[in-house]
Amino acid sequence: MSFSYLVRRLLLSIPTILIVTVIVFVLVRLVPGDVVDLIIGTQKFLSEEQILKMYEDFGLDKPIFVQYFIWMKSMLSGNLGISLRTGEDVATMLLQRLPVTLELAFLSIFVSIIIGIPLGIISARKKNTFVDNLIKVVGLVGLSSPAFWIGTIFIVIFSFYFESFTIFGYVAFFENPMKNLQVFLLPSFTLGLMIAAQILRITRTSMIESLSMDYVKVAYSKGLGKNKVIYKHAFRNALSPIITVTGIQLGYLFGGSIVIENMFALPGLGRLLLQSVNQRDYPVIQAIILFIVIVIIILNLLIDFIYTIIDPRITLG
Amino acid sequence: MKKIISMLLIVIIALFGFSKQKEGGTLLIGIETEPIGLDPTIVTAFSSFRILENVYDGLLKFDENMNLVPNIAEKYEIPSPDTIIFTIRNDVYFHNGEKLTIEDVLYTFERIMDEKVGSPAAAYYSEIESVQILDPNTVCFKLKVPMASSIIINFASVNSAIVSKKFVQSGKNLQLETNGTGPFLISEFVPGDHITLKKNPNYFIPEQPYLDQIIFKIIPEEISRSTALRNGDVDLIEVKEPLTLRSLESPKYKIYRQPVLSYYLLGFNTKRKPFDNYLVRSALSMAINREEIINMVAFGEGTITGPLNPTVKPWALTPDNFEEYEYNPEKAKRILAEAGYPNGFEFNILTSSRYSFDKIAQVVQSQLSRIGIKVNIELVEWGIFISRWGKSDFDSFISLNAGSIDPDVQFYRTFHSGGSTNVFLYSNDIVDKLLEEGRKEIDMLKRMQIYNQLQYILVKEAPVLFLYSPNVLYASQSFVNGFKPLANESLIFLRETWIDK
Amino acid sequence: MKGSKYMKRFLKNFIKNPLNMINLIIICALIFVSFFPSVIAPYNPLEMDSRSILEPPSFTHFFGTDQFGRDVFSRSIYGIQNSMIIALSSMIISALLGTLLGILSGYYGGWIDQVISRIIDAFFAFPSLVLALFIVALFGSSTFNLIIAIGIVYIPIFARTLRGATISIKELTFVKASKVVGKNNFKIMWTVVFPNVSSIFIVTFTTNFSTAILTEASLGFLGLGVPPPEPTLGGLVGQGTNFIIAAPWLTLLPGLLIAVIVLSINILGDGLRDVLDPKFQK
């Protein structure tokens, strides 16, 4: 029953999210030194009251599990803390950087789909031919190449051969859409190619499987055009594993965006994360990590729901 | 005749240039790091200084040759070596419209010396006995030690900038809000993106600043900054990686380079073996090839420095005065053998990855390996570096010290027994005596003799190895005029910068 | 008898594909380089030379030189060794712990399975680079911390895969038979379950070994890898990023090396999976 499956899936994700928060909480507390000292740092952004309040917020005198509940409570009320380095509200910082990362993510997924799926289908149709082998190798190469390497190749090529092309210098989309897309072109291709390799592989495998299904053969025998069979029946059937893999790639996407944003100087979450890591800005690090992981859990949940809609055969595993 | 014509031409060009509109325009500057805090009294980050020195004013300031010149104080007097009297201008207003009074000056220094505030400038003024208002325009600083000539330069530092008593006491957090008297005021600060400075229309020097607006764009990546300059997205950039200059060699751009006062050093813990023996330390001086360090780490953009930077005139003795500066690994080996280490030894260098410390450490490691000394690099995070540095918890370390135009400021805290930054735990009676005499001495020639002697001792005893002073580098579009970085890396010349498009 | 038949089929299938053979040569070279870098490397990887700073690739310096005049090719060769040590050590950590957790959880089921699975799910939700970065950020970057960080990151993958495999064979007759005979549970897990999931174990190990190399490289690129001057593949690339325009070879050539190594391990993994994983057998 797909409904009870959804409920079960939803319920299961609650402990997962809770455990994620415990992991983050415990890891940050394992760092040598008093958390509040670390947070106050050497720069006096905080007034006496704020510092006292922070001690209260952390409840350092209380047992660790009580501290955890205090911490959770403040997190849930949207209080993600204050940056050690700028004194800014961490939640505001996250919201400022989020659009950049989202744009990179959407464009990369777009690139990966328009490259990965057609190549996968071609590969499946020409199974075991030269074309198929070629595409397979390309896929493997894509899978094996580090993102920063592909990115460097792009940067070198574009800076030598297309001097007028703007590689660096982020502008918001609404400020200057053309320049914005230009700046995002190389980063989203770099990241998109990595994911395309994964999508290509799974598209190929699941297309091969569904092309060999009986009903596809029936469709052929009914005299439906070859392309129609492929696109209408076989591809639709192969869609659900493809969506799942795309879902798994979300994690890869966020990991990759750290590298790509830093490489192409895009002021997104990934760059904020690395900057904060370099400055040991713990409240920001903690908030970004929690945010990314929880977003991934929720997106995977959504993908599961879509999956059940597309493929009604799913039952309680 | 020819001469006269060319003179005339120059005059005409100069007149033409002057008559040309200097006023107005927006200057876009690409900077690496955003300011960390905005309270002039307590900030320690260079990135904060660079913004705040255009927003706040001190009693004094530096001109382009690092001479002290009046600022908020229209003049200063040193009637005796333990007294400094400032007369302040009568036409200075804070950005919120309030008039700057002598009370604000007094309050600023009380705030600096208040331990609870934690100002890094407190140490400069620890020898001040009292600050008194003489009349509504004059204030008198009485010193415990007659050292007026060396203390005076601190009045030009950002940490000594005058803040408004009323504004601070109204409970404002100066780390987040500014209210200065400077040529520009902060109109917008979007962390991680940009800071906009607007012209202060009531600045006390009527024609300054020329620019209407300065936008500091925060572009952490070197490559993005240089690309932004080349694309015309910004007009002026901070260059941190000397190699970048290679891509900017064109008449379209102006390059600015200025040797700075700060200097890289290899500091020793003089209480730990084997560095408790000065022979070992000075042997290392001969085993280190400073020029090679500059070439590898800074691609030649630096100057070898003795205890005082060669630009600190007239005090500095240039490196060729010291035999210990000759690169001579054989001699170093001989001295080490004499000192009881014929087969070398092993030690740690504490570093952090900021300001290329780790790169210098790598070169030093490689150079010392040639004379059989094994160096282990301890690369730690910045906060840990600072705390271990403060506790003298190291065999040796690489660091960058802020230099000064006055030898007393540079040496006293660093090399006097128990000095505030004497993390080397160096202690030498002769050095202590010279330092005390030097700060009291008013006679210029005698003072020079004292510091010459001191420089020779410091090189010979080598509690630290002075390595080099880097160049501060900027690049701009050719239409940017009047900009000069100073040896203390200050950007106060932005008030005299104009755009000639 | 069962084993040798298995091996024969394995070898037959493996050799049939020429790609696998070429790849095997690369893998052998990789192993050789990892054990004896000094035989291949023409220079001392730490030796600086002020006369050759940032030289482009040439016959004297195949991969050019870095800002200290060190030979990048020699550094890459030693970098392979260091990267391999890091990837292998961390894989051993995650394989040991992950397999243990996976088999326990799959074999016992019930609340043990629930607890382990929820924790594994939680770790699994972290993107591998994000988790590794987090751990390194908190505890500092040293070779040891890097190994631990990458090791932790891959535990959930082993645990999940091995749990699934254990569940699928748990109900088979020979496992049930051992229970009836009265062997104790740990003995069954070790002597019966593990050998039967070992092929999946091998495939998981190989495929994740290559991603562990990529994770180390990415951390190095971000400046969070092994501290200098010790070379690792990631560290070399990270060092080169300051000079992408002035000296692109510093990033491109070690990057190429990473790509080739990861590619050949991936091909090996694919080949092993085709042969070993029942799901992929026709």
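Every chain is named by a letter (A, B and C) in the order it is written, and numbering of its residues begins at 1.
Please note the rule applied: a contact is a pair of C-beta atoms (placed from the backbone, for glycine too) under 8 Å apart; a residue touches a chain by one contact, two chains touch by 3 or more.
Computed from a prediction, not measured in an experiment: that's the story for all the values here.
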Contact distance in steps, from subunit B to subunit C: 1
Most central chain, judged by mean C-alpha position against the global CA mean: A
CA centroid of subunit B to CA centroid of subunit C, Å: 48
Subunit A and subunit B, separation of their C-alpha mean positions in angstrom: 43
Chain centre separation in whole Å, for subunit C relative to subunit A (CA means): 22
Of all residues in subunit A, the ones touching two or more other chains: 280
Subunit B residues counted as touching two or more neighbouring chains: 223, 381
Where subunit C touches two or more other chains at once, by residue number: 223, 244-245
Footprint of subunit B on subunit C - complex, ascending: 46-48, 50, 53-54, 67-69, 140, 223, 227-229, 242-247
Residue ranges of subunit A in contact with subunit B within the complex: 41-45, 47, 85-88, 93, 96-97, 166-169, 265, 267, 272, 275, 279-280
Subunit A partner contacts - residues on subunit C that touch it in the complex: 118-119, 121-123, 125-130, 133-139, 210, 214, 217-218, 221-224, 237, 241, 244-245, 248, 251-252, 255-256, 258-260, 262-263, 266-267, 270
Subunit B - residues contacting subunit A, complex: 34, 36-37, 39, 42-45, 118, 173, 175-176, 191-193, 219-221, 223-224, 227-228, 231, 233, 381-383, 386
Contacting residues of subunit B [partner subunit C, same complex]: 222-223, 241, 243-244, 246-247, 289, 292, 295-297, 299, 353, 358-359, 362-363, 365-367, 369, 377, 379-381
